[in-house]
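Common to both upcoming complexes is chain A, partnered first by chain B, then by chain C.
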Partner chain A sequence: MRHAISVLLQNEVGALTRMTGLFSTRGYNIDSLNVAPTNDPSVSRVTLVISGSDWAIAQLNAQLAKLVDVVNIHDMTLGPHFERELVILKLKLATGGFAGVLSLAKRFGAEILDDAQNSCTIQLTGKLGEIDAFIEEASQIGTLSAVARSGSVAVSRGEVALSTYSRDHRLTG
Partner chain B sequence: MSSQPSTTEEPQHPLAGTRMTGADMVVQVLADEQVDTIFGYSGGAILPTYDAVFRYNDHNRLANGKSPIPLIVPANEQGAGFMAAGYARASGKVGVVMVTSGPGATNTVTPVRDCQADSVPIVVICGQVPTQAIGTDAFQEAPVSAIMGAVAKHVFLVTDPELLEATMRSAFEIARTGRPGPVVIDIPKDIQNWEGVFTGSGALPLTGYRNRLQSVTGNRISDESCERFYGMLAESERPLIYAGGGVINGNATKAMRRLANAHGIPVATTLMALGASDTTHPLSLHMLGMHGMAFANYAVEDCDFLIAIGARFDDRVAGDPPRFAPNAKKIAHLDIDISEVGKVKSVHWHNVGLLARDLEDLGEYGRKIGFDKSFDAWHEHIAHLKAEHCLNYERDSALIQPYAVIEEINRITGGKAIIATGVGQHQMWAAQYFDFKEPRLWLTSGSMGTMGFGLPAAIGAQFAQPDRLVIDIDGDGSMRMNIGELETATTYGLPVKIIVFNNFGDGMVRQWQKLYYKGRMSGSDKSLHRKDFVKTAEADGFRFAQRLDDQSRLAAVIREFIDFEGPAFLEVIIDPDAGVYPMVGPGMSYDKMITGDYIKSRDKRDDEQPGPSEMF
Partner chain C sequence: MRHAISVLLQNEVGALTRMTGLFSTRGYNIDSLNVAPTNDPSVSRVTLVISGSDWAIAQLNAQLAKLVDVVNIHDMTLGPHFERELVILKLKLATGGFAGVLSLAKRFGAEILDDAQNSCTIQLTGKLGEIDAFIEEASQIGTLSAVARSGSVAVSRGEVALSTYSRDHRLTG
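For the complex of A and B:
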């Protein structure tokens, strides 16, 4: 199953290396990884998307929780959540191809950032499936010369937020 | 993040408010942590801190004229790492290593990984090139934080001198709390030379780490959970404790023995847990696993309720996890690390917490409910297994049998000596044939299996336990790995006893090559090597350095060797074909155990071979 896991990570020297090092050390392949600071400059939020069995993901979360720099972990997929991704892509167009771009942008609600003679740059924010469909359709209008995806970011639905304090309920069973 | 000046009731540090260098702060925190030995090798990037150690010792000399924090200098930084590991394993205290940048630091990678794999608390302080030189490929620069991050429990690269003091304290906290492990602090030279105000208290916030630790330490076993545990025990006719290194690291030996004795539950220990149960006790099954006692492995096959305590079902114990303890209707697991629960084998009951306290809590509940089920038939069965399938070897050989040598030493030491080992056949023979009456007597590289561990670990242990008899049981291959440390033993006048079982090659490798590679001894034969171990020891200042190759002198020479005051070295020329039995092949289940020619098997011999990729 596909999981989107949010991790709050202390902004320490080498913290990200230690975290990503764990994926290869323990044999995990990640689909996407997004890292950026939060409102608290000492803490970054990481969103990683990974596919694996329930056992493999539980084990990954347990191993992540052993990293000293990790403040808290939440597997968003276990509850209702919002997950979004941003893509910026560049298309090379044949003469007269711009009409197709306009219609594509309108249908997906994408923003045209730049249009030159034979190419244009478009941005879209959306759910995972939308991004995939957008890229697929764009590739049929022109030639994709650049695809920059942010990787997924996610937050849980409702009031629940990933805080700097958590209690592990699986300690007894 | 900032260091937090003490605002609580803690008395103020006498040096609080004093200006000093970063190097002096490092040494002051070591002193505050009651460090009494540093193992390390100097070099350019750590010079300021070495100087601070010298000055500290000079100003704070003990009444007997000795240094309060002596610096013990090895031949190679790997030696320093294993000395600190031996010190930590034998004492339960945090071992301290201090090395320079670049090669000094990278030479400690192996002991750091070794400590991580066996959960041993050490703190490694590395000098680093000055901050502005980091990343320029400077002289003796290595990316220590990146390298060590992959192998240590944690690594700090100090970038803000104001946090140096707090970082030092946090390193000790991380090393010794939870599941213990190695912590590395990489300190650029300019930060050692920086001058600032010593606050005398405060640590880094470590928010996530402390929260998780608190959850674990605060997790007492509930009555409901105790009830379920005793329900499983009540349903069981053949309960068995499978104890791992966590029992020793968690100082839970007493609690575990109490629980086992209260209900008459037999205990099989892993290689890491030798000494957790007194191996001479009737309930003790000594060691289980790949080279465990046949009777211990049979007991695992026969048990109907397996209680894993501080153990992790690793491949040397559960080579074939689905077929491990195949008759256990229930499995319980107590550990401090939740990632070990269900990692290899799913269990029916678990509790993550402090082992010593949790085992006491369980026992207390048992007393409260007056649990008094007796397991007499199981005890009879165990006694029968122990009598029938005990260790044995060829007793009429003209060649010296390694087992006989260990039995002879064990007759003298009676399970009370500290035994360090290298890795290979001699390690397994020592594990099998020595008795261990207490924890922290057995120092071996279990998970990493690092050859060369024994000698430096024995040296470190002797510093931790100066009044104990410390013996390094080594092989000719393992001894070669850190042979430079022979000189360290004589330099510091340590009375360690070093014995090398020489079978002219890598015996364990040869054993596998005989079993699985049709006897092709690729790279494992050393019969043409020219090393004269006795001359080597003599050259390094050993006044007792002998070779034993005559069986008739065995008892007398061993007695003389053990009784010698001061460092002693003994090479024993052993039967080169001596094997380690029993043996459960890699990836195999216990019913495929090979017991060799002298130990009685109860299973039909089976010629099933492990698959080529299972053979590690």
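For the complex of A and C:
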């Protein structure tokens, strides 16, 4: 099963490497990951997506929680949550191909960032299935020369959720 | 100086850890990073943001290019490029605070995902300065209980750019 996991990580040199190392040591490939600052300068927030049995992922999360850099872990997929992803695509177009791009952008609510001669850059933020469908349809209009995806960004739905594992008062929401 | 670097990375267990390990070994903290699949199943695309002198970052990139997992590196900040970021915020609101959220969302073109009682989830995709300003203004309306940012997603502007370092025909766009 696919799991989207939020981790609050101490903003220290090497913290991300120690965290991803725990996955690779156990033979897990991370499907997507993003890490960026929060409003607390000492803490970064990670969203990572990984596939495995619920049992195996729970074990992994328990191991992660023991890392000194990990403040808090919450497996978003265990409860109601929002997931969104940003993608920027670059398409090489044949002559006349731009009409197809306009129609695609309109249908998905995507934004055209750049339309150089025979090349076009488009941005979309959406749910998981939408992003996959958008990339698939774009690849039928032109040749994808760049596919830059943010990976899933996730927060729990509704009131602030208590974390799955925590040794700190801070919450991952 | 701030550098946004795109890396095409072999989609192998441990590749991300080997890459981030190179930064931490040299004492560099990564400001933000995202990694996700591309249209080529064997290759993932990373956008990472790091600060350092132009000379030091060029040295780091040359080291990165020697890693067996690295297909291609392009320092986007060396030329014209697009950078966008996605953020999902969760705000705790005092009674009557929702009017401020509506006004904020309208001004920034943000999307309200959820407005539970006294809590609100908002999503915005924008340029770097916009995202920072949005988070700052949101923090004045309510209490931030979650700040989930994707980190910068970057592609070069215009026609496909040749990479800074490459040992492969694939381009990072």
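Methods note: the second predicted complex is superposed on the first by the 160 of 173 C-alpha atoms of A that agree within 3 Å, B and C clash if a C-alpha of one lies under 4 Å from a C-alpha of the other, contacts with A are read in each partner's own complex, and residues count from 1 in each chain.
Just so we're on the same page, a contact is a pair of C-beta atoms (placed from the backbone, for glycine too) under 8 Å apart; a residue touches a chain by one contact, two chains touch by 3 or more.
As the structure is a prediction and not an experimental result, all values here were calculated from the model.
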Between chain B (first) and chain C (second), which does A:13 come into contact with in this model arrangement: first, second, both, or neither? both
Could you look at A:42 and tell me whether it touches chain B, chain C, both or neither (first, second, both, neither)? first
Chain A contact check, chain B vs chain C, more residues touched by chain C
Would you check which partner chain A:21 touches, where first means chain B only, second means chain C only, and both and neither mean what they say? both
Taking the superposition on A as described, I'd like to know which of chain B and chain C A:77 touches: first, second, both or neither. neither
In the overlay, answer first, second, both or neither for which of chain B and chain C A:55 touches. first
Which positions of chain A sit in both the chain B and the chain C interface? 12-14, 17, 21, 171-173
Listed in rising order, the residues of chain A that touch chain B in the complex are 8, 10, 12-14, 17-18, 21, 25, 42, 55, 58-59, 62-63, 65-66, 68-72, 164-168, 170-173
Along chain C, where are the residues that touch chain A in the complex? 6, 11-14, 16-17, 20-21, 23-24, 27-39, 45, 47, 82, 84-88, 90, 92, 113-114, 116-119, 121, 123, 125, 135, 139, 144-151, 153-160, 171-173
Within their complex, chain B touches chain A through residues 1, 145-146, 149-150, 153-157, 159, 174, 179, 206-209, 211-212, 215-216, 219, 221-222, 225, 337-339, 341-343, 349-353
